[in-house]
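Letters A, B, C, D, E and F mark the chains as written, and numbering starts fresh at 1 in each.
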Amino acid sequence: MTVSPMAGDGAVESRFGMTELDDLPDDLRERIGAIAAKSGFVPNIFRALGHRPAELRAFLDYHDALMDPPARPDPPARPDPPARPDPPARPDPPAGGDSGSSSSGLTKAERELVVVATSAANHCLYCIVAHGAILRIRSKDPQLADRVAANPWQVELTDRSRVIVDLALALTRTPELFGDADIAKARDAGLTDDEIWDVGAITALFAASNRLAHLTALQPNPEFYLMGRNPRS
Amino acid sequence: MTVSPMAGDGAVESRFGMTELDDLPDDLRERIGAIAAKSGFVPNIFRALGHRPAELRAFLDYHDALMDPPARPDPPARPDPPARPDPPARPDPPAGGDSGSSSSGLTKAERELVVVATSAANHCLYCIVAHGAILRIRSKDPQLADRVAANPWQVELTDRSRVIVDLALALTRTPELFGDADIAKARDAGLTDDEIWDVGAITALFAASNRLAHLTALQPNPEFYLMGRNPRS
Amino acid sequence: MTVSPMAGDGAVESRFGMTELDDLPDDLRERIGAIAAKSGFVPNIFRALGHRPAELRAFLDYHDALMDPPARPDPPARPDPPARPDPPARPDPPAGGDSGSSSSGLTKAERELVVVATSAANHCLYCIVAHGAILRIRSKDPQLADRVAANPWQVELTDRSRVIVDLALALTRTPELFGDADIAKARDAGLTDDEIWDVGAITALFAASNRLAHLTALQPNPEFYLMGRNPRS
Amino acid sequence: MTVSPMAGDGAVESRFGMTELDDLPDDLRERIGAIAAKSGFVPNIFRALGHRPAELRAFLDYHDALMDPPARPDPPARPDPPARPDPPARPDPPAGGDSGSSSSGLTKAERELVVVATSAANHCLYCIVAHGAILRIRSKDPQLADRVAANPWQVELTDRSRVIVDLALALTRTPELFGDADIAKARDAGLTDDEIWDVGAITALFAASNRLAHLTALQPNPEFYLMGRNPRS
Amino acid sequence: MTVSPMAGDGAVESRFGMTELDDLPDDLRERIGAIAAKSGFVPNIFRALGHRPAELRAFLDYHDALMDPPARPDPPARPDPPARPDPPARPDPPAGGDSGSSSSGLTKAERELVVVATSAANHCLYCIVAHGAILRIRSKDPQLADRVAANPWQVELTDRSRVIVDLALALTRTPELFGDADIAKARDAGLTDDEIWDVGAITALFAASNRLAHLTALQPNPEFYLMGRNPRS
Amino acid sequence: MTVSPMAGDGAVESRFGMTELDDLPDDLRERIGAIAAKSGFVPNIFRALGHRPAELRAFLDYHDALMDPPARPDPPARPDPPARPDPPARPDPPAGGDSGSSSSGLTKAERELVVVATSAANHCLYCIVAHGAILRIRSKDPQLADRVAANPWQVELTDRSRVIVDLALALTRTPELFGDADIAKARDAGLTDDEIWDVGAITALFAASNRLAHLTALQPNPEFYLMGRNPRS
């Protein structure tokens, strides 16, 4: 890898070492192996957490419950007109059921938008670059992630996206000030309580995730920097 | 419940409603039931997260991996002299094994100390009161939790506890400034890398947990306020 | 005293030494003696300031003028219905008179609420614990002080209490931003100018008091931690 | 008074009205009258606090105990060489005596330096302008007050003055971070504990005073702006 | 120069040395010479930047374009009634022309008001003192500059001046939060887009200028401290 | 342009309109035309400032003096060994000469590093994306800009680059705290005074530039997002 003379030694991917896929317990090796097969590489976060399998497993479970629910499809990119369909009537989750957050109204792109915004406010290199790549892909917008990462507070967004991002930011840096006024603004803008929960819970999960990345000085895989930058990709 | 005229309506325990134990999936009902049997009540956090079973399950798993490992026993209270034994030779976790963070040198009281300190910096009512109660019990010190909650930055602590709390605080409010200098201070003070990981990971988990409590305006169970306040209890 | 292995040496009550009651000038010995007779102990703040009698005397005078005026009685605890009586018609203090703030509409519990809120924002251990105890007694609410101390910005309060706390907080940490808008909000909510003055002046006095406690690393008397925690006490 | 078109209505000196000298209780009228006779005018702070005589009296007592002790004379202005004499052997204040802070080593100019620095950090117009005037007179330096007011953190000072100002600033805006390290720096630089107390107590008193001025939107008397600006004055 | 024993060595005017007028390139020597002839002294900023003539030249050009346009005259001081004339019909700048910001509606006093407010928020000694002097002269108000410098956020101003200062402050310390809401407030208060640009551009230029002064620890010329303090001057 | 449904209307490039190249005065049209010929497009900043030709001209002059001096060539990319040559003996700039900052030791890549770091701390979208592109090209490192933009405080850099970035950051957000200690750290690490000036002056210029971009809500040209991302480009 060609590294500029100004960068430090890029070989150190994590402050506490990395665990190879083959050294993980079976369930984790299979689960992460499936991700790697799809992405073409093992995202560094999994190798950085790998020496604590129980923690990695819980982290993955939490992540999947919030980021990968069988949600409604992302709307097509403009100029195919972006008319957001009315939120589908969402049946209350059956008590005792286990459908997770699966039927929530937040699109997967919106979930990644929350991640990039909150990670930007926390200046988390790994999460900005890795989830910025996913946001590019999910939103089919090659600039959005860079724009959100530069300034989540003022980046120009649609009204709905702005409300989502404002809600996430309110909980990110000064959670002690979060209160009824923030909830009211989100509801007034049309977010359902289920969507508000999603935004809040994703912000909470990445409050943890950002700090794990800061703790380990985690470096993004090189592949993330370029993913989704070309309209074709 | 007698409530002062100054307090708001104490009947609202969570902004998004509470799930009763009987409405949880079987595994969660059993797991939380066991906690309730031991405590004498169901801690409100579980009922507040209960309508999202997959998230609650992941949260519990993460919590248990970090807070309830089969760790070394807490040292006895002073004046039985507190001479901290040398950290036991800790074998590297067997690759592919699943021992979690079980053999780490952090005592359970120290883990709760991290929780109270980081929750105090985040002004999280539920976590301060609930984990303050547990800290009182684990530390056998009826004042420590109130003192840490009032001012985690300057509360008088032993050198080892101060290093642990400083490390947690460095990651809590300005994680973007966390770096090699923080790690070096902890190592210089004798913390092992496994202990540093524990402090960082617990801080990360409660960065999430604090925000879930802020999201839901979660109220502590009344029982927590009094637990462990009397030397006998 | 049994102290946990994690706490530092609890024997140091103040950074600059303590003055015993017998070593104070006569007027102060009598005055503080009367407090001690009532409380059962000499609050540490008096002993910490005792080596500067002129300062201690001025501090006590200022404190009494604001905290112990012959004010209207605190309303009874709920469920005795909390209907706040209309503020009594308060005659203007006679010019040249010396009635201090005695006829102001703030109850003694509300005055302690201001102290706990502003001391919480300043993370002052002594004032949170000592005045938290008094707030528990005055409000007859064993949880209120802990709740305010954890997060004064968002703790659920009645509308009137919230306005009082918001006014105090506006002056606490960023006094340079305090202005007409803060005054207008308080007036709009029904606070009289005399009540606004009380809130502001108490906040000001405890801006000083908090800093004296930080200067001296003042420890609360152990008795304060438990006072007023049981409904019966 | 000629007022620029950009300034608001300068006739409002205080948000809650002003009390005339003749309307004060006898002792306060005499005491403040003596100050007015010396200054040529009644400083606005006294008229703004006058409607609460008990508070005004306590404020004056506290102020005098800290700002007007019979201290050692200020050293002459340079170039008469500024060699700071060794601190005089200071006998411990006799227990039960009432000498206040009278024999402390801080000069009156240094006390005003603390006031201007802490008031600058709190952006308190009244205290910066009024005590800036006194600092010009006490220090015989017509520029010092403006320089400290502009940037107390970096204004160039002698080593002793810098230590004094740093100590005051450490306690001003983030008192929760004040600790042993701040005390140690001051001691290492040669400040006695009595001097450290003076700096801390003056900072505390003006934490209150600044907030009273913010509460009342107190305007400085016009005379203060010009006092001590000419080397001759 | 008589300097108080508390001030540091006043002989150091700039951290990186000063360039004498005679050592500047011809165009700069003439240009700054003209300023010096008018003021009676060479403002220190020019000598501090003089060793980098290209930078000094660009700085002067930028400054003149924003601060010295042939603008409408400042209105006379009150009580000559301050009725602000309607902004003159301002023709659009001819495309390709070079009239700079010359016909903008901001008076020169208002431009200096922006400088003092933003420099106060940045605690820049040189700019507060030097431009405070110019503001006193331009506004014919000997107190305004000291009042703005002490607390730009809350100093009492006319509505128009307050809007101007608020706009400048919004861009000064947290530019990432500057947005449409700030622009809307200024427009609602009657500022034209040309005036908004002036406020923003002056704030931007002095964001640079303040930092150059901080970089060089630049001291104001002694003359600035006294200029414009007497109604007659 | 395909824009995601989440982004706002990307057609608005600047809050106050854009000036076309043909509408600029001759000298500016030629100068910016040359830049456009080289880049393949007109960077938006020039069109956004174009309606104020005098300001644009001064801005360009300042920029060129600091960013485009005839400096020493950037060192080749690693693994061609990065041994930084000793700083060339730099003759003092001849008094009265006009060589600008031309012989300074900062490479062009280092200058862009300062811009990206300070713009990241100010969350300036335009400057991060536009100068991030230039940094990629100058440093021949396709990841460096994204890494610096995400977290300038902790991004791993060589010692020299870290010192440069730390110096810039110290002056960016809290310039009032910038002082001798910052200068000493830079000198101790081997930076010459000329290099320190460059870092400080570039930081100052982009303090202005960032605020102009925030004032105008300036959008980066789409081309910038992709420039220099492929090792070959």
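Miscellaneous remarks
To be clear about the criterion, a residue touches a chain if its C-beta (ideal position, glycine included) is under 8 Å from a C-beta of that chain, and two chains touch if they have at least 3 such contacts.
Just so you know, these numbers come straight off a predicted model, no measurement behind them.
When each chain is reduced to the average of its Cα atoms, A sits farthest from chain D.
Just one of B-D, D-F or A-B has an interface built like that of E-F, with over half of its contact pairs in common by residue number: A-B.
Rotating chain A by 120 degrees superposes its CA atoms on those of chain C, with the angle stated to the nearest 5.
Two copies of one chain, chain A and chain B, form a contact in which over half of the residue numbers belong to both partners. With centres taken as mean Cα positions, chain E sits 45 Å from chain A. Taking the mean of the C-alpha atoms as each chain's centre, chain A and chain F sit 30 Å apart.
Each chain gets a centre from the mean of its Cα atoms; for chain C and chain D, those two points are 25 Å apart. Rounded to a whole number, the gap between the C-alpha centres of chain C and chain F is 53 angstrom.
Residue positions 123-124, 151, 153-154, 176, 178-179, 214, 217 of chain B each touch two or more of the other chains. According to the touch criterion at the top of this document, the contacting chain pairs are A-B, A-C, A-E, A-F, B-C, B-D, B-F, C-D, C-E, D-E, D-F, E-F. Within the complex formed with chain E, the chain D residues making contact are 2-10, 12, 75-79, 82, 84, 109-110, 113, 120, 123-125, 128-129, 139-144, 146-147, 149-151, 153-158, 160-161, 214, 217, 222, 225-226, 229-231. The residues of chain B lying in touch with chain D in their complex are 151, 153-154. Interface of chain D with chain C (complex): residues 15-16, 19, 23-25, 51-55, 57-59, 61-62, 64-66, 93, 95-98, 100-101, 122-124, 171, 175-176, 178-180, 183, 193, 197, 200-201, 203-205, 207-212, 214-215, 217.
On chain C, the positions that touch chain E within their shared complex are 176-179.
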